[in-house]
Amino acid sequence: MNPTTPATAETPRTSARTRARTMRAIVKAAAGPGAEIREVPVPACGPGQLLLKVERAGVCGTDLHIYGWDRWSQERIKPPVTLGHEFVGEIVEVGEGVTEFAVGERVSCESHIVCNHCIACRTGNGHVCENTRILGVDVNGGFAEYVAIPVVNAWRAPANISIEAAAVMEPLGNAVHTTFAGPISGCNLAVTGCGPIGLFAIGVARAAGAARVVASDISPYRLDLARQMKADVVLDAREGKFVERCREITGGAGLDGVLEMSGSAAAVRDGLAALRSGGRLSLLGLPKEPFELDWNRLVIFKGITIHGIIGRRMYETWFEMDQLLGSGRLDLRPAITHVMPMERFDEAIALLRDGRAGKVVLVPWGEKG
Amino acid sequence: MNPTTPATAETPRTSARTRARTMRAIVKAAAGPGAEIREVPVPACGPGQLLLKVERAGVCGTDLHIYGWDRWSQERIKPPVTLGHEFVGEIVEVGEGVTEFAVGERVSCESHIVCNHCIACRTGNGHVCENTRILGVDVNGGFAEYVAIPVVNAWRAPANISIEAAAVMEPLGNAVHTTFAGPISGCNLAVTGCGPIGLFAIGVARAAGAARVVASDISPYRLDLARQMKADVVLDAREGKFVERCREITGGAGLDGVLEMSGSAAAVRDGLAALRSGGRLSLLGLPKEPFELDWNRLVIFKGITIHGIIGRRMYETWFEMDQLLGSGRLDLRPAITHVMPMERFDEAIALLRDGRAGKVVLVPWGEKG
Amino acid sequence: MNPTTPATAETPRTSARTRARTMRAIVKAAAGPGAEIREVPVPACGPGQLLLKVERAGVCGTDLHIYGWDRWSQERIKPPVTLGHEFVGEIVEVGEGVTEFAVGERVSCESHIVCNHCIACRTGNGHVCENTRILGVDVNGGFAEYVAIPVVNAWRAPANISIEAAAVMEPLGNAVHTTFAGPISGCNLAVTGCGPIGLFAIGVARAAGAARVVASDISPYRLDLARQMKADVVLDAREGKFVERCREITGGAGLDGVLEMSGSAAAVRDGLAALRSGGRLSLLGLPKEPFELDWNRLVIFKGITIHGIIGRRMYETWFEMDQLLGSGRLDLRPAITHVMPMERFDEAIALLRDGRAGKVVLVPWGEKG
Amino acid sequence: MNPTTPATAETPRTSARTRARTMRAIVKAAAGPGAEIREVPVPACGPGQLLLKVERAGVCGTDLHIYGWDRWSQERIKPPVTLGHEFVGEIVEVGEGVTEFAVGERVSCESHIVCNHCIACRTGNGHVCENTRILGVDVNGGFAEYVAIPVVNAWRAPANISIEAAAVMEPLGNAVHTTFAGPISGCNLAVTGCGPIGLFAIGVARAAGAARVVASDISPYRLDLARQMKADVVLDAREGKFVERCREITGGAGLDGVLEMSGSAAAVRDGLAALRSGGRLSLLGLPKEPFELDWNRLVIFKGITIHGIIGRRMYETWFEMDQLLGSGRLDLRPAITHVMPMERFDEAIALLRDGRAGKVVLVPWGEKG
């Protein structure tokens, strides 16, 4: 379980191991496509911060956007910045004023650094703080040997889970936040879109008590992973029978909920059509552009609830993950298809771009894979 | 309060007053525009039914559609049918097996006749029953001297409210259902669209504890009625400053909720933009056609919840109305702008079509207005 | 899935098999202990009713009270009455006005016959209707060859579950109602008291997504059944370490919820002490007498929520059971320890009284066991 | 509205006014009854803190306990400590690292200083943090000319409310937290116990949309204040007709909710008996000792929900207060019966002890009353 044992007065504030002054990191060095491995200074550990020796780091679709230098990236990213917003590490230094963590502990990391004083932050909605800065996007992240994080962003992962699972709690949090946005227990749920977060969501829905979990995607590779994550039924969206099949699977009743992870307008419309009256659609996938709905038929006449989902609840979602993972109910292994050296970042990007991977986890220089 | 005193064995099952065998009614007699006053048989009072002497009946936007014979009407209405789905009446006969109501009582009426055996009905969601038939649409309604209704559709209105208020509990139920779909107490809410249900919703939001109620419409006449219903701020949507003004009114925080009653795509988009992150949009107004949204910016990044709203909860919403009206917290008078003889139905339709009325209530033949 | 296919016009309203005019039944024949097997008339099938050929019937703790003729029974039971309020049967006749069920279908049965017109009934709380009459308690029940029930009390059990599981959906509903009264997914829950409903609750909590399920009782026999129902941890309450052990199991955090099935004051107090701040205690077990609490320490300072639980939601709980059982997530077999001829009712009572059984299911005369 | 305008770089970090090094304060100087006015050092303003010039401070029942040196105080208080946990002040200095507040602003103050790293704190339940220290109880409080507080405990009160209202937001928060623990809108609620927090709760329930508010107490003086706070019905608990009268007021239905502020066992039992089935009892009042309930009759058979309430949600409750007070819906004036110099603390204590006051607000030395 979690942060209950504060460091004692005797706890050393830095680890014994001598640290170099510089380290290797994957850096978006300039406006334009790509990223490069650079030697950069080891970050300082300021007041209220932790310095982590990164042990594992996950690669996210957002990293793909930054690498490809799409429009969103051009507006948001200010090079140079070290990438990487999903990671786990060992604490090697604790900043001034930090009492609740000690050197030597392993912590996972929430990527959203929030202001803690806007209305959203002060009313339990830090995940929609308008002043959010994101590690690996707005400030230096975890594709590096070391990373400095605010102590409030650290979460002691359960001791009994794999280091790779601990590394991907950030994106797992998206899956948990989406799934937990509405009723789960005894419900018939569909996950539309089986990228890494969709795959996680299948596992979460199963572990959290869904009666049946339907998964859909257009990639046979991903549908196979969905099956390994224990989806009860796997549908190839290219066959165009999603609504019909969901009716059958639910004995005519329709789905209780849809967890939308694809950003596809067709998936949203089919998802709404497949819901029973009174069902819920929880939207995490980002559509590439605005799209229209037949609101009357799909939303209003059916009394549907739609949730927009962003980030993870800070830190209710982390507690939920803790219990799902720590109890052993949730096993992420089939979704983590690749563990490879951080050195091979370009290859990891290529795997994801080509849809030949579930979640890819990177091992920094000097760590054993 | 409500149905707790069952009729005793001695209660007469029909009233003493001799009834004619025929009556006047407003009938959609044939496919095509308009409606006509006809002499038709007084309905029989079957098992499990009540026969009501209609005392007051409200005219709804749906009646306008049926009168105008739009596409929806052409598909749904099977003439001849007596119109009218909002009404209150005195029980003049109780059908076989009815024990909980007695001749002489005044009852309001839920318009949705549901199947009571589908999954929706059996799980507290009768308002989205797929087998729903609607009084005055699918079966003969209350624009008549008499109407027969299933006993479960009857609701004893609070004794202390006006007969006009009792007549319009059906559409008031839409306003209550929409308002009660999310948090109200201490919230800053906007009502977009100030037709009769929007006007009711302003009163409901105020009575139910909203901190501030903003109303918007494009008609100065309706905005004036909104003011009379005690909207705190009234905005002319034609000025295009809805989002900006809502920010100001809420000290920069944004609205907690929007109750959408206009069916306008612009109102939906502005409503979403004016919400704080984590706010809710409850949609009752029916858009004329599909429309698109910038889902990322307006829904997902803000963590918004959208509710499709249809009908009223059967009968939780009626109980809520009972308490709001019976306690005197909610006063509908400013919204009920016209009380006129049923004979002048064509004129009532014209008033509504031209936006020169709030709610119009009709007085049947033989009733004192 | 459920009641969607109404009987067609051609469906026969009674089965072809010739029925005797009398049948065997277990009858509380007179004030005083015991019950006897009698030859009684086959019930008539009135309007809105179904006549069932009983296939299986469960024995409940309440039957034990009636058999033993305790104080509650003396006040409530008006002999003669046929016992039995948990059963499944085949429809052999449908009463006048019934359209949604057909002869030959198998249905489980809700035991609470409610008035449908009080405030509780009309606001989705039929399970707390003050006019409730209970089958096998207030009106003739299902320990018989035939039983007549209101059609609204019938529930089409999933086709793929065992006839014994279908027979015990009524008490399973208590377990589901208790478990679903608060958060389940990813939660650490305890079930205190492992009688049949407690055993069911263990299975329900597991199937519905609890992270860890702790079970406690004072009987090694029942604790063994708890283990078979897949409790993660089983605690002998006689050892007096419930609170301490729950802390350990939850890494110091405390339980998220307690499902109280024993009626023991000690179990309630220990349950409250073992909860984390903000946790919930859902009370189904009936204490034998009033008892006191240290409200400040156990409830107020910890911000606890306590739910009183009675019956099952009509019929949301049945829908939940349908999904849990029909999906195969919930397996009741280890909890159903005995299936025996109805003829041996006295022996069934003895087994329960001596704590030598989980749930006992009876097979009526003429049915194959 | 709230904390949105961070101090700019130019904002002075201390006010121009020269401050003395010592100040007057009401101090619990030694174990034993009473408290004394002492000259003590002005507190230092540490990193992440604000130093406030106290403008108004409320006296609480807890101060009475500390003054009287009851058993709880003997265990909890470590003299010397400056009392006072309800106050408002002007910021005269901001500590290192504080960016969101500026010198010259007026802020109200949450009294609970929580750890921010235990599970409760990290999952939105800081109000039940097990490491809580309370201003004026465990650390020096606001019955003084100056007080130092953590910046996260400061809340910018709405600009348009009276300074006395701003001073009592802390105990108002208890009333709001209790009221908002269950449904309010359109509900019939009772407040049992009309001390200051009970009086506030009456106003909150009215402002937040309750249909009817019943108040009960045993003091005619307090019942008169309840009437002034706009209770719809005021009942003298000594007459023993609470349950009967609540039934009448609700037309036989029973109350939807009870807000228990007295700590009286009789009030709890009567409150439960007066609830409709499915109603809620929210417990804030602290019973002097354990007491027993007839759980079956009062809680389980009725399907009641009981909430233990402690503190205020941090800071959802503050946001709710902001909206209730800032919109003008909630007026606390009738409940604030005395505004008097802090110098006359002993007299304030006597007024409260004798039940001759609602809320008493103190004006520190050098402030204009």
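Letters are used for the chains, namely A, B, C and D, taken in the order the chains are written, and counting of residues starts over at 1 for each.
Throughout what follows, contacts are C-beta pairs under 8 Å (C-beta built on N, C-alpha and C of every residue); 3 or more make two chains touch, one makes a residue touch a chain.
Bear in mind the structure is a predicted one, so any value in this text is a computation, not a measurement.
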Count the C-beta pairs in contact for C-D and for A-C, then report the pair with the higher count. C-D
Max Cα-centre separation from chain D goes to chain C
Using mean CA coordinates as chain centres, what's the gap between chain A and chain C in Å? 41
If you average the CA atoms of chain C and of chain D, how many Å lie between those two points? 44
Overlap residues in chain C, where contacts from two or more other chains coincide: 1-2, 4, 119, 253
Tell me, which parts of chain A touch chain D in their complex? 1-4, 6, 47, 97, 100, 115-119, 122-124, 151-152, 313, 315-316, 318-319
Going by the contact rule at the top, pick out the chain A residues touching chain C in the complex. 1-2, 4, 180, 184-188, 207-212, 232, 250-253, 320, 323-324, 326-327, 329
In the complex, go through chain D and note every residue touching chain C. 119-120, 125, 127-128, 130, 253, 276-278, 283-284, 286-287, 290-296, 299-310
